[in-house]
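Here it is, the structure, as structure tokens.
Labels for the chains are A, B, C, D and E, by order of writing; each one numbers its residues from 1.
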């Protein structure tokens, strides 16, 4: 039963590549560091600066907004597709599964530029399509909210990972349990809400946390390449801001402060769904 | 379902059609995407802008090394988490979630400093070192969840049969979560195939770069040469697609049999 | 309310192409309020039969009628059948109470009403203290009772039980037997009950169907099946102990129930050596060469003793050596 | 080779803080070559006891000795114990043959040798035709036999069986009982066997331990436990039928085994009404008010009949009404 | 010491694919000339600084890197650059052969830090066909802002806009200067922005007015396509940019374009665009690095890059040679770039400048594209940019 040695490679690798670097980053957060000379300890200076850094807090707000929209959409799409495409053989299912996964196969850089074209206000297929359908063009790259909407679209469709994971979770539910519900005369909706989804809940939860982290922290490629933060900083998300801070303005120390702050903020934000889900699960378990 | 498929497939279709447009032309208007004439030569032009063969080979090496290591490391760690009890379990989970929350940008600089210090920078496999850390703790949590679905009696039975922890992992636990393993393999494969920030920061010599970074360097191509860029994107995407085709079959067949 | 199975045929294709005839032309009927017990060796198709009635397994041929309506193509959810699975099939994410009540909730009953019914059923099955537990926190027998409770809470048109008492101790089992019968009688529904416990089969069954290799060998009231088994297979399968079948003479196999065999120290009869003596309460099982006998504890011989076994001629059963059919 | 459990105490903390004393100070010993049967009501801690011996469940107090060596802290993998789980626990991704042979392979035996041993064990347990199947393609009883085969193939130091025959039909069970005993005798290992089948308990056990609520109430040879149950609980639990316990008079509870109760149409004794009659082969079970009696089929009364039940004074057992202990 | 091989050096450039090809040929020419081994690291422009930062932080900096003067100040101030003056002197380069303005721009703390390879400036690209169609005469040298506005208006017609101007400080700077305004209080040691002061404000207002006249692409058109692409496809008749556009414009079949000097508001002036080779302070092969830089900025090197069309050579002899000036290769009037040299000024060289540029750009965009009142924008610029200038 003592199987912790199995975690040894993971822990060693993580220490070398994540934890120690993270420690370094946390230390850098209290320095002025530009990458050329040794970091200079500045105490709480960076924190003072952080508190007054309106641009950063604006960016955090934008990130929070994007996450609040994109994460549920992504989960809905991934889980919905997984439920639709579970346990049915046949060509259509195979095509559907491939289709759901495909957008994720396209490399980020290509994906972003592709959308730059798709969303193009004058030549893009999407505004043209909207025009044909008689839907007003929200101004994907030209207005602040249009740009945010465009960003949402770019980030929403690459759900292949989440889809595959959700599908695996769905298929791992023993057939017996669905048979039992079927015999009990439960509707498909009841089976989904009371059996399928609760049993998938832990994985959906991990997906949610991860999606949130990805959207809030790591997905700066779309903002960088599709909107470049514009128009007028409407899509200047936190990761893009940190990226600029670190590499365009060369302030690695302060960028570390921002990174670590973001880490703490997302930690708090992630704790919320985790806590909610725990409450929900307890509630569900208890009631008849 | 058909609508959903169409929505998902649309960007890919746009990409392929775009790659067949004639370069140095005004961009196509709106929905008028059908290339006329079809420019197959775009694909032949790509190697003029990037050493495609070399880059593809590097990427292939990277994936071939990093994916198995990722699967092994994460699946072992996942089992350790599931079978651990009490404090140890909470600690392992906590560390994994913490690492999940770390912004990638925060690690680039410290990571490269450490790896250079350890003399591990600048090989085609440098990026593959990330596999030692499981690529992302997400995969570890994924495995842990998959394992937690196995009836505990199975792992106990294996232990009683005298299987070592390693044998329990190798012969019982891993095969039982094959769908998760295939999923992690597919996901990590994709990750290593398309990551460009990691090699950009970690790998010094262009000779060791993977193809995604090559593609990234093409992304500032003149707008008029855009079809060539899309052709390159298609060339880079194709192997990943192919691999997914193969993996999907084994993934889904293994899931559906059990 | 009744359930009828006609010409049911079901073949499984196992891995590596092997085919298993799980049901090979089964005809059966359970009348309203009737309890039909199914017995048969392991792998004879009992569970498959129940799954077919429930609608979980499509038939290759034949049909299923519930209340004289052909439900062969009707999905499980609309057959209104209760089924207790052999392996409990509890929902791991739900507590015991929720597991019991899930069917009622699925049918839209209000939570408050479900709760009181759950409590009631739990009391009957002696699992009230477990209502707040999770399935993983139960013992084997407790799990089975929870599964049973889930079926008992409803008023289905047919009730199917797949060895629901296998892991329950004698005393409780005796009690639960009574409860199950009472519930069924009050509902007036047909019940099909699979069991390996022969005493249970005889005690509970209005009729009993003996299965082997996907076929029903005999279906009659228990006393009749016990008294006049239709084939050697039935004779071996049904009854507290398998019937002794002596080597064929002139194409006829003679069978005697161990309960009817007497073991004497001397006298006329088949002489033999006591191979084993197994105590069983008031009686003990004595194996004399190939013949099993149940004798009072007081008369028990010692292993190795030379004894003589006899029985009355009217206790003999005769079967065709070739077909196994009763003569 | 022997196994000893001393002062074993194990408490589960169920959800919502409820505590369950699964083992509450258990002392037991199984000697080399001895077969110790454990019986007890559902939830009395039998499976927990086996899991404790196997090392799958840490003890809160007490210790486990195998071959006189304290193994309390030794991990399960190094105790060399075979355990057949109550719910089979077959590896779903491995075929039947691989499932049976996995332990041997793990211990480094050559594939050829493993194969032949697997075939041999499979023959004994009548599952040879199933060797190429997958576990999902087996019936309930077939699964149990495969699990049994996995335990039987090895030569462990202790052998633990948790109701391995629950889903197996009578005939096969009778045969497998013999096989299990034979294998165990030849290995000379102690065996602890949990069962709900009282006949099996009496027939197989060298000694039998009766458990209830995490305690061993009595541990002795089956005949002794049957003849002189130490408490009312034992009296109800052990035996083909639970003992009748009459309402206490002057602080004394009187018990009579149903097998010793006679039912007469008239005469002296307790008068009562026949509540139920359940046939059971040669005999039938008659419930007269609160008293259960086993009477020959020929003497069976009708339900509703007014009858008188009697027994011989020497068949009475007396227990303290308060403690339940034998007087 | 001919023959003795020099240690291999790495050279990092941020370049689009076409430019990267030019640098590749430069490196191979150098290697063929026996210069020594060079590993070229071409990365996309967006990644150039990212990679430089991480590389420097990990002590794995390239020996040589190319950088714009508007971005190099942080590197120098923070000690990443080894002053190149003495190194080049050792390599036999005489800075007197080069134009002075870029040398000045790359002089920091009184020393030449990096060696500029080009001296580009802001000019007006114009489409000859559209001018002819609209019956508008070709731009004259020293044309006035009024001429420019009139021309733009005359060129504007169905599907064609007269002129395109990016809302950035490098585009605005020469107009501001020309109108007698300034961008910051002190070019050498700036402490605050001065765009709100009358001269600068008036220049910016003229641009706003021009935009208000409808002679420039609207917001959607700007988002849909970059100005160079709009120019190539005949959607704008003029646009303001530096020499960098030439290679792509040359590729465009059927496009007949030329360049003209900037219109004059008060005095003639233009803004410097220049990239330079820097030697990393940590380089262990400083000599070899300098040798490469000497070649790259020397006769052969600059001829090669000039032929690529991308650069205005900083070496006088190449700049005046046919490699740059030949009218056979568009633009015919390359001389315009050389004519601008006497009037060149550069934006402040200070570490926080990249961020200041971003702030100003974002705000100007609001004024030019969203119609936000200029004064509101200027106030915002003061509010955001001045603290940056004061911080270090």
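Criterion: a contact is a pair of C-beta atoms (placed from the backbone, for glycine too) under 8 Å apart; a residue touches a chain by one contact, two chains touch by 3 or more.
Which protein is which chain? UniProt says A, B = Multiple sugar transport system permease protein; C, D = ABC-type sugar transport system ATPase subunit.
Quick caveat, the model's predicted, so the values are computed rather than measured.
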| item | value |
| --- | --- |
| Least step count from chain B to chain E, where 1 means the two chains touch | 1 |
| Set of chains whose contacts include both chain E and chain C | A |
| Higher-contact pair (C-beta pairs counted), A-C versus B-D | A-C |
| Most remote chain, CA-based centroid, reference being chain C | E |
| Rounded Å distance, chain A centre to chain C centre (Cα mean) | 55 |
| Distance between chain centroids, defined by C-alpha means - chain B, chain D (Å) | 54 |
| Length of the line joining the C-alpha centres of chain A and chain B, rounded to whole Å | 16 |
| Centre distance in Å when chain D and chain E are each reduced to the mean of their C-alpha atoms | 90 |
| Numbers and ranges of chain A residues touching at least 2 other chains | 1-2, 35, 120, 123-124, 243, 246, 252, 285 |
| Multi-partner residues of chain E (at least 2 other chains) | 46, 50, 53-54, 57, 225 |
| Residue list for chain B, restricted to those that touch at least two other chains | 27, 109, 113, 159, 165, 216, 219 |
| Residue ranges of chain B in contact with chain D within the complex | 151, 153-154, 156-165, 167, 171-172, 175-176, 178, 258 |
| Chain A partner contacts - residues on chain E that touch it in the complex | 46, 49-50, 53-54, 56-57, 74-75, 78-80, 219-221, 223-225, 281, 351-352, 354-355, 358, 362, 365-366, 369-370 |
| Chain B-touching residues of chain E, taken from the complex the two chains share | 10, 16-18, 20-21, 39-47, 50-51, 53-55, 57-60, 225-226, 228-229, 232-233, 248, 251-253 |
| Sites on chain C touched by chain D in the complex | 12, 14-16, 18, 20, 39-44, 46-47, 86-87, 95, 132-134, 137-142, 145, 162-163, 166-174, 178, 196, 198-199, 202-204, 222-223, 226, 236-237, 239-242, 257, 259-260, 276, 278-282, 285, 292 |
| Of all residues in chain A, those that touch chain B in their complex | 1-7, 9-14, 16-22, 24-25, 28, 35, 81, 84-85, 87, 89, 92, 94-111, 113-115, 117-118, 120, 123-125, 127-129, 131-132, 157, 160-161, 164-165, 167-169, 171-172, 202-203, 206, 209-210, 213, 217-218, 220, 225, 239, 242-243, 246, 252, 255-256, 259-260, 262-263, 266-267, 270 |
